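Structure first, then comments.
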(Lines give C-alpha, C1' and ligand atoms only; values in the text may rest on other atoms or scores of the structure.)
Protein backbone atom coordinates (compact mmCIF):
# COMPACT_ATOMS: atom_id res chain seq x y z
CA UNK A 1 0.00 0.00 0.00
CA UNK A 2 2.48 2.64 1.12
CA UNK A 3 5.41 0.88 -0.49
CA UNK A 4 5.41 2.98 -3.64
CA UNK A 5 8.79 4.19 -4.75
CA UNK A 6 9.27 7.78 -3.64
CA UNK A 7 9.80 9.85 -6.75
CA UNK A 8 12.95 11.40 -5.28
CA UNK A 9 14.53 7.95 -4.89
CA UNK A 10 13.71 6.89 -8.44
CA UNK A 11 14.94 10.18 -9.86
CA UNK A 12 18.40 9.49 -8.42
CA UNK A 13 18.90 6.56 -10.77
CA UNK A 14 20.24 7.53 -14.20
CA UNK A 15 17.59 7.21 -16.87
CA UNK A 16 18.05 6.04 -20.44
CA UNK A 17 17.59 8.99 -22.79
CA UNK A 18 14.81 7.39 -24.84
CA UNK A 19 12.75 6.51 -21.76
CA UNK A 20 10.81 9.76 -21.75
CA UNK A 21 7.66 9.24 -19.69
CA UNK A 22 7.34 12.18 -17.27
CA UNK A 23 10.82 13.57 -17.90
CA UNK A 24 10.83 17.11 -16.41
CA UNK A 25 12.91 18.81 -19.11
CA UNK A 26 10.25 18.10 -21.76
CA UNK A 27 7.22 19.00 -19.64
CA UNK A 28 7.58 22.70 -20.39
CA UNK A 29 8.24 22.18 -24.11
CA UNK A 30 5.17 22.76 -26.31
CA UNK A 31 4.05 19.86 -28.48
CA UNK A 32 4.38 20.73 -32.16
CA UNK A 33 0.95 19.61 -33.35
CA UNK A 34 1.41 20.85 -36.93
CA UNK A 35 1.55 18.26 -39.73
CA UNK A 36 5.05 17.43 -41.00
CA UNK A 37 5.14 15.56 -44.29
CA UNK A 38 7.64 12.72 -44.65
CA UNK A 39 10.22 13.10 -47.42
CA UNK A 40 11.72 10.50 -49.76
CA UNK A 41 14.56 9.81 -47.32
CA UNK A 42 12.10 9.04 -44.51
CA UNK A 43 9.96 6.74 -46.65
CA UNK A 44 12.93 4.82 -48.01
CA UNK A 45 14.45 4.23 -44.57
CA UNK A 46 11.08 3.07 -43.28
CA UNK A 47 10.65 0.67 -46.22
CA UNK A 48 14.17 -0.75 -45.86
CA UNK A 49 13.55 -1.43 -42.16
CA UNK A 50 10.35 -3.28 -42.99
CA UNK A 51 12.06 -5.40 -45.62
CA UNK A 52 14.92 -6.27 -43.26
CA UNK A 53 12.37 -7.31 -40.65
CA UNK A 54 10.25 -9.35 -43.05
CA UNK A 55 13.34 -11.20 -44.31
CA UNK A 56 14.65 -11.91 -40.82
CA UNK A 57 17.82 -9.87 -41.38
CA UNK A 58 17.15 -7.52 -38.49
CA UNK A 59 14.31 -7.26 -35.98
CA UNK A 60 12.45 -4.19 -34.78
CA UNK A 61 13.89 -4.93 -31.34
CA UNK A 62 17.40 -4.65 -32.77
CA UNK A 63 16.42 -1.39 -34.48
CA UNK A 64 15.31 0.00 -31.13
CA UNK A 65 18.45 -1.18 -29.37
CA UNK A 66 20.54 0.57 -32.01
CA UNK A 67 18.60 3.80 -31.55
CA UNK A 68 18.93 3.57 -27.78
CA UNK A 69 22.70 3.15 -28.15
CA UNK A 70 23.11 6.52 -29.89
CA UNK A 71 24.83 9.21 -27.84
CA UNK A 72 22.20 11.33 -26.09
CA UNK A 73 23.04 14.55 -27.94
CA UNK A 74 22.83 12.72 -31.27
CA UNK A 75 19.50 11.12 -30.33
CA UNK A 76 17.91 14.47 -29.56
CA UNK A 77 19.51 16.28 -32.51
CA UNK A 78 18.67 13.81 -35.27
CA UNK A 79 15.30 13.51 -36.96
CA UNK A 80 13.35 10.32 -36.41
CA UNK A 81 14.46 8.52 -39.56
CA UNK A 82 18.04 9.77 -39.33
CA UNK A 83 18.18 7.88 -36.01
CA UNK A 84 16.77 4.84 -37.78
CA UNK A 85 19.31 4.79 -40.59
CA UNK A 86 22.19 5.09 -38.11
CA UNK A 87 20.77 2.22 -36.09
CA UNK A 88 20.21 0.03 -39.17
CA UNK A 89 23.74 0.60 -40.43
CA UNK A 90 25.39 -0.08 -37.08
CA UNK A 91 23.33 -3.22 -36.41
CA UNK A 92 24.02 -4.65 -39.89
CA UNK A 93 27.72 -3.95 -39.45
CA UNK A 94 27.71 -5.51 -35.98
CA UNK A 95 26.02 -8.63 -37.37
CA UNK A 96 28.44 -8.87 -40.26
CA UNK A 97 25.69 -8.48 -42.87
CA UNK A 98 27.68 -5.60 -44.35
CA UNK A 99 31.12 -4.19 -43.61
CA UNK A 100 31.87 -0.67 -42.56
CA UNK A 101 34.47 -0.33 -45.32
CA UNK A 102 32.01 -1.35 -48.02
CA UNK A 103 29.37 0.97 -46.66
CA UNK A 104 31.86 3.83 -46.69
CA UNK A 105 32.87 3.04 -50.26
CA UNK A 106 29.28 3.11 -51.45
CA UNK A 107 28.28 6.04 -49.29
CA UNK A 108 30.58 8.34 -51.16
CA UNK A 109 29.76 6.94 -54.61
CA UNK A 110 26.25 8.42 -54.25
CA UNK A 111 24.16 5.97 -56.21
CA UNK A 112 20.49 6.83 -56.54
CA UNK A 113 18.65 9.72 -54.94
CA UNK B 1 5.71 -14.18 -11.66
CA UNK B 2 4.79 -17.14 -13.85
CA UNK B 3 1.52 -18.91 -14.52
CA UNK B 4 -1.57 -17.16 -15.77
CA UNK B 5 -2.37 -14.11 -13.66
CA UNK B 6 -6.06 -13.31 -13.33
CA UNK B 7 -7.45 -9.80 -13.79
CA UNK B 8 -7.48 -8.04 -10.43
CA UNK B 9 -4.27 -9.69 -9.18
CA UNK B 10 -2.09 -7.16 -7.39
CA UNK B 11 1.46 -7.01 -8.71
CA UNK B 12 4.57 -4.92 -8.24
CA UNK B 13 6.99 -4.03 -11.00
CA UNK B 14 10.52 -5.14 -10.14
CA UNK B 15 12.64 -2.33 -8.78
CA UNK B 16 15.55 -2.85 -11.13
CA UNK B 17 17.63 -0.60 -13.35
CA UNK B 18 19.36 -2.76 -15.99
CA UNK B 19 20.32 0.37 -17.94
CA UNK B 20 22.82 1.21 -15.19
CA UNK B 21 24.66 -2.08 -15.74
CA UNK B 22 25.58 -1.82 -19.42
CA UNK B 23 24.05 -2.37 -22.85
CA UNK B 24 20.47 -3.60 -22.68
CA UNK B 25 17.07 -3.18 -24.25
CA UNK B 26 14.08 -3.16 -21.95
CA UNK B 27 10.42 -2.34 -22.51
CA UNK B 28 9.50 -1.56 -18.91
CA UNK B 29 9.36 2.22 -18.56
CA UNK B 30 11.48 3.85 -15.87
CA UNK B 31 8.52 5.52 -14.20
CA UNK B 32 6.69 2.26 -13.32
CA UNK B 33 9.65 0.48 -11.72
CA UNK B 34 8.81 -0.52 -8.16
CA UNK B 35 5.21 0.60 -8.54
CA UNK B 36 2.19 -1.42 -7.51
CA UNK B 37 -0.54 -2.12 -10.03
CA UNK B 38 -3.33 -4.53 -10.91
CA UNK B 39 -3.56 -7.07 -13.73
CA UNK B 40 -6.09 -5.63 -16.18
CA UNK B 41 -5.97 -8.25 -18.94
CA UNK B 42 -3.73 -11.04 -20.21
CA UNK B 43 -2.52 -10.21 -23.73
CA UNK B 44 -0.95 -13.51 -24.75
CA UNK B 45 2.62 -14.74 -25.03
CA UNK B 46 5.37 -12.96 -26.94
CA UNK B 47 9.07 -13.48 -27.38
CA UNK B 48 11.31 -11.73 -24.88
CA UNK B 49 12.38 -8.42 -26.49
CA UNK B 50 15.38 -8.15 -24.15
CA UNK B 51 16.91 -11.09 -26.05
CA UNK B 52 15.46 -10.38 -29.49
CA UNK B 53 17.22 -7.02 -29.38
CA UNK B 54 20.55 -8.86 -29.34
CA UNK B 55 19.44 -11.56 -31.83
CA UNK B 56 19.65 -14.18 -29.08
CA UNK B 57 17.26 -17.12 -28.77
CA UNK B 58 14.24 -15.62 -27.05
CA UNK B 59 11.69 -17.51 -24.99
CA UNK B 60 8.00 -16.61 -24.97
CA UNK B 61 6.75 -14.72 -21.96
CA UNK B 62 3.25 -13.86 -20.81
CA UNK B 63 2.39 -10.24 -21.50
CA UNK B 64 -0.18 -8.34 -19.42
CA UNK B 65 -1.94 -5.04 -19.50
CA UNK B 66 -1.23 -3.78 -15.99
CA UNK B 67 -3.25 -0.88 -14.58
CA UNK B 68 -1.73 1.76 -12.32
CA UNK B 69 -3.01 4.86 -10.59
CA UNK B 70 -0.78 7.54 -12.10
CA UNK B 71 -1.49 9.88 -9.16
CA UNK B 72 0.59 7.58 -6.97
CA UNK B 73 3.55 8.16 -9.26
CA UNK B 74 2.95 11.89 -9.90
CA UNK B 75 0.30 13.63 -7.80
CA UNK B 76 -0.49 16.01 -10.68
CA UNK B 77 -1.19 13.20 -13.15
CA UNK B 78 -4.98 12.89 -12.59
CA UNK B 79 -5.34 9.71 -14.66
CA UNK B 80 -4.82 6.02 -14.56
CA UNK B 81 -2.53 4.06 -16.80
CA UNK B 82 -2.32 0.82 -18.74
CA UNK B 83 1.13 -0.53 -19.62
CA UNK B 84 2.07 -3.77 -21.38
CA UNK B 85 4.47 -5.60 -19.07
CA UNK B 86 6.10 -9.01 -19.32
CA UNK B 87 5.72 -11.52 -16.48
CA UNK B 88 9.47 -11.40 -15.89
CA UNK B 89 9.08 -7.85 -14.54
CA UNK B 90 6.18 -8.62 -12.18
CA UNK B 91 6.31 -9.66 -8.53
CA UNK B 92 3.52 -10.47 -6.08
CA UNK B 93 2.39 -7.34 -4.27
CA UNK C 1 29.45 5.94 -32.43
CA UNK C 2 30.52 4.50 -35.79
CA UNK C 3 30.18 6.39 -39.07
CA UNK C 4 30.22 9.60 -37.09
CA UNK C 5 31.77 11.53 -39.97
CA UNK C 6 29.05 10.50 -42.46
CA UNK C 7 25.80 12.31 -43.06
CA UNK C 8 22.74 10.08 -42.73
CA UNK C 9 21.90 10.58 -46.42
CA UNK C 10 25.28 9.15 -47.31
CA UNK C 11 24.71 6.24 -44.95
CA UNK C 12 21.44 5.56 -46.79
CA UNK C 13 23.25 5.68 -50.15
CA UNK C 14 25.70 3.09 -48.87
CA UNK C 15 23.02 0.86 -47.41
CA UNK C 16 20.89 0.98 -50.55
CA UNK C 17 23.82 -0.06 -52.74
CA UNK C 18 24.94 -2.86 -50.42
CA UNK C 19 21.47 -4.32 -49.87
CA UNK C 20 21.00 -4.48 -53.64
CA UNK C 21 24.45 -5.99 -54.18
CA UNK C 22 23.77 -8.69 -51.58
CA UNK C 23 20.34 -9.49 -52.97
CA UNK C 24 18.60 -8.44 -49.74
CA UNK C 25 16.53 -5.58 -51.19
CA UNK C 26 16.53 -4.03 -54.64
CA UNK C 27 15.11 -0.72 -55.81
CA UNK C 28 11.87 -2.24 -57.09
CA UNK C 29 11.25 -4.02 -53.80
CA UNK C 30 11.86 -0.85 -51.83
CA UNK C 31 9.57 1.13 -54.12
CA UNK C 32 6.83 -1.48 -53.72
CA UNK C 33 7.17 -1.36 -49.95
CA UNK C 34 7.00 2.42 -49.93
CA UNK C 35 3.84 2.30 -52.03
CA UNK C 36 2.23 -0.26 -49.72
CA UNK C 37 3.13 1.76 -46.64
CA UNK C 38 1.90 5.02 -48.15
CA UNK C 39 -1.45 3.34 -48.82
CA UNK C 40 -2.21 2.96 -45.10
CA UNK C 41 -4.00 6.06 -43.81
CA UNK C 42 -6.33 7.29 -41.05
CA UNK C 43 -9.31 6.82 -43.37
CA UNK C 44 -9.02 3.07 -42.75
CA UNK C 45 -9.26 3.45 -38.98
CA UNK C 46 -12.08 5.96 -39.46
CA UNK C 47 -14.01 3.44 -41.55
CA UNK C 48 -13.63 0.88 -38.74
CA UNK C 49 -14.88 3.39 -36.17
CA UNK C 50 -17.87 4.36 -38.32
CA UNK C 51 -18.80 0.73 -38.85
CA UNK C 52 -18.51 0.04 -35.11
CA UNK C 53 -20.91 2.95 -34.53
CA UNK C 54 -23.49 1.49 -36.90
CA UNK C 55 -23.01 -2.28 -36.61
CA UNK C 56 -23.14 -3.80 -33.09
CA UNK C 57 -21.73 -7.12 -34.29
CA UNK C 58 -18.71 -5.40 -35.81
CA UNK C 59 -18.25 -3.31 -32.66
CA UNK C 60 -18.13 -6.47 -30.56
CA UNK C 61 -15.60 -8.04 -32.93
CA UNK C 62 -13.46 -4.90 -32.95
CA UNK C 63 -13.30 -4.74 -29.16
CA UNK C 64 -12.59 -8.46 -28.85
CA UNK C 65 -10.02 -8.71 -31.66
CA UNK C 66 -8.93 -5.57 -33.48
CA UNK C 67 -6.83 -7.54 -35.95
CA UNK C 68 -9.80 -9.62 -37.12
CA UNK C 69 -11.95 -6.50 -37.36
CA UNK C 70 -9.32 -4.76 -39.51
CA UNK C 71 -9.06 -7.82 -41.75
CA UNK C 72 -12.84 -7.85 -42.10
CA UNK C 73 -12.48 -4.33 -43.55
CA UNK C 74 -9.89 -5.55 -46.06
CA UNK C 75 -6.90 -4.05 -44.22
CA UNK C 76 -3.80 -6.27 -44.56
CA UNK C 77 -2.67 -7.38 -41.05
CA UNK C 78 -0.59 -10.48 -41.80
CA UNK C 79 2.75 -10.45 -40.03
CA UNK C 80 1.88 -7.24 -38.20
CA UNK C 81 1.55 -6.72 -34.45
CA UNK C 82 -1.89 -7.49 -32.97
CA UNK C 83 -4.28 -4.54 -32.87
CA UNK C 84 -6.03 -3.74 -29.60
CA UNK C 85 -9.01 -1.39 -29.45
CA UNK C 86 -9.70 0.86 -26.45
CA UNK C 87 -13.36 1.76 -26.03
CA UNK C 88 -14.21 5.25 -24.85
CA UNK C 89 -17.40 5.12 -22.79
CA UNK C 90 -19.26 7.83 -20.89
CA UNK C 91 -16.91 9.00 -18.14
CA UNK C 92 -13.76 7.29 -19.49
CA UNK C 93 -11.41 8.62 -22.18
CA UNK C 94 -8.32 6.79 -23.50
CA UNK C 95 -5.07 8.43 -24.63
CA UNK C 96 -2.36 6.41 -26.41
CA UNK C 97 1.38 7.14 -26.18
CA UNK C 98 4.63 5.24 -26.58
CA UNK C 99 7.02 6.71 -24.03
CA UNK C 100 9.92 4.46 -25.13
CA UNK C 101 9.82 4.96 -28.90
CA UNK C 102 6.85 5.49 -31.21
CA UNK C 103 4.74 2.32 -31.37
CA UNK C 104 1.65 3.30 -33.37
CA UNK C 105 -1.25 1.41 -35.01
CA UNK C 106 0.26 1.97 -38.45
CA UNK C 107 -1.72 -0.78 -40.17
CA UNK C 108 -4.96 1.14 -39.60
CA UNK C 109 -3.75 4.76 -39.31
CA UNK C 110 -0.63 4.95 -41.47
CA UNK C 111 2.66 6.57 -40.49
CA UNK C 112 2.69 8.11 -37.00
CA UNK C 113 2.33 11.89 -37.03
CA UNK C 114 5.27 14.09 -36.03
CA UNK C 115 3.82 15.06 -32.65
CA UNK C 116 3.34 11.43 -31.64
CA UNK C 117 7.10 10.86 -31.97
CA UNK C 118 8.10 14.05 -30.16
CA UNK C 119 9.84 14.06 -26.78
CA UNK C 120 7.33 16.57 -25.39
CA UNK C 121 4.32 14.38 -26.23
CA UNK C 122 6.00 11.27 -24.86
CA UNK C 123 7.02 12.99 -21.63
CA UNK C 124 3.70 14.73 -20.96
CA UNK C 125 1.14 12.06 -21.84
CA UNK C 126 1.76 10.05 -18.67
CA UNK C 127 2.29 13.00 -16.33
CA UNK C 128 0.08 15.93 -17.41
CA UNK C 129 -2.41 14.28 -19.79
CA UNK C 130 -5.25 16.77 -19.26
CA UNK C 131 -2.99 19.72 -20.03
CA UNK C 132 -1.59 17.84 -23.02
CA UNK C 133 -5.08 17.42 -24.45
CA UNK C 134 -5.56 21.19 -24.17
CA UNK C 135 -2.57 21.65 -26.51
CA UNK C 136 -4.67 19.82 -29.10
CA UNK C 137 -7.66 22.04 -28.35
CA UNK C 138 -9.41 19.31 -26.36
CA UNK C 139 -10.99 20.46 -23.11
CA UNK C 140 -12.06 17.30 -21.33
CA UNK C 141 -14.74 17.87 -18.67
CA UNK C 142 -13.37 17.26 -15.16
CA UNK C 143 -15.80 14.39 -14.56
CA UNK C 144 -14.37 12.36 -17.43
CA UNK C 145 -11.52 10.15 -16.24
CA UNK C 146 -8.45 9.72 -18.43
CA UNK C 147 -6.82 6.37 -18.96
CA UNK C 148 -3.38 6.69 -20.54
CA UNK C 149 -2.18 3.66 -22.50
CA UNK C 150 1.60 3.45 -22.77
CA UNK C 151 2.25 1.24 -25.79
CA UNK C 152 5.41 -0.51 -24.66
CA UNK C 153 5.40 -3.96 -26.19
CA UNK C 154 3.80 -6.19 -28.80
CA UNK C 155 0.32 -4.72 -29.27
CA UNK C 156 -0.65 -1.61 -31.17
CA UNK C 157 -3.55 0.36 -29.73
CA UNK C 158 -6.27 2.51 -31.26
CA UNK C 159 -9.12 4.32 -29.56
CA UNK C 160 -12.76 3.73 -30.45
CA UNK C 161 -14.25 7.15 -29.66
CA UNK C 162 -17.85 7.73 -28.63
CA UNK C 163 -20.26 8.58 -31.42
CA UNK C 164 -21.01 12.28 -31.14
CA UNK C 165 -24.52 13.61 -30.58
CA UNK C 166 -26.13 15.11 -33.67
CA UNK C 167 -25.19 12.20 -35.95
CA UNK C 168 -28.45 10.27 -35.58
CA UNK C 169 -29.44 8.59 -38.82
CA UNK C 170 -26.05 9.14 -40.49
CA UNK C 171 -24.69 6.30 -42.57
CA UNK C 172 -21.20 4.84 -42.09
CA UNK C 173 -19.61 6.85 -44.92
CA UNK C 174 -20.84 10.14 -43.51
CA UNK C 175 -19.73 9.15 -40.01
CA UNK C 176 -16.27 8.09 -41.20
CA UNK C 177 -15.71 11.55 -42.66
CA UNK C 178 -15.81 13.17 -39.20
CA UNK C 179 -13.29 10.78 -37.57
CA UNK C 180 -9.78 12.20 -37.52
CA UNK C 181 -6.41 10.64 -36.86
CA UNK C 182 -6.15 12.25 -33.41
CA UNK C 183 -9.58 10.93 -32.39
CA UNK C 184 -8.24 7.39 -32.69
CA UNK C 185 -5.21 8.15 -30.49
CA UNK C 186 -7.27 10.16 -28.01
CA UNK C 187 -5.79 13.65 -28.37
CA UNK C 188 -9.06 14.88 -29.90
CA UNK C 189 -12.73 13.92 -29.80
CA UNK C 190 -14.98 13.67 -32.86
CA UNK C 191 -17.63 16.35 -33.11
CA UNK C 192 -20.10 17.73 -35.63
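By letter and in written order, the chains are A, B and C; residue numbering begins at 1 in each of them.
One rule holds in what follows: contacts are C-beta pairs under 8 Å (C-beta built on N, C-alpha and C of every residue); 3 or more make two chains touch, one makes a residue touch a chain.
Since the model is a prediction, treat every value here as computed from it, not as a measurement.
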Touch-based graph of the chains, sorted into line, ring, star, complete or other: complete
Chain occupying the most central position, where position means C-alpha average: C
Between subunit A and subunit B, centroid-to-centroid distance (C-alpha), Å: 22
Separation of subunit A from subunit C, taking each centre as the mean of its C-alpha atoms, in whole Å: 19
Interface hub residues of subunit A, defined as touching at least two other chains: 19, 21-22, 64
For subunit C, residues that touch 2 or more chains besides their own: 99-100, 126-128, 150
For subunit B, residues contacting two or more additional chains: 29, 31, 49, 74
Of subunit C, residues touching subunit A in the complex: 1-3, 6, 8-19, 22, 24-25, 27, 29-31, 33-34, 37-38, 79, 97, 99-102, 111, 113-115, 117-128, 132, 135-136, 150
Complex contact set, residues of subunit A against subunit B: 1, 3-5, 7, 10, 13-16, 19, 21-22, 59, 61-62, 64-65, 68-69, 95
Residues of subunit C defined as touching subunit B within the complex: 82, 84, 95, 99-100, 126-130, 145-155
Complex contacts: residues of subunit B adjacent to subunit A: 12, 15, 17, 19-20, 23, 25, 29-31, 33-36, 49, 52-55, 72-74
Complex interface listing, subunit A residues touching subunit C: 18-27, 29-36, 38, 41, 43-48, 50-52, 54-55, 57, 64, 67, 70-71, 74, 76, 78, 80-82, 85-86, 88-90, 92-93, 97-98, 100, 102-112
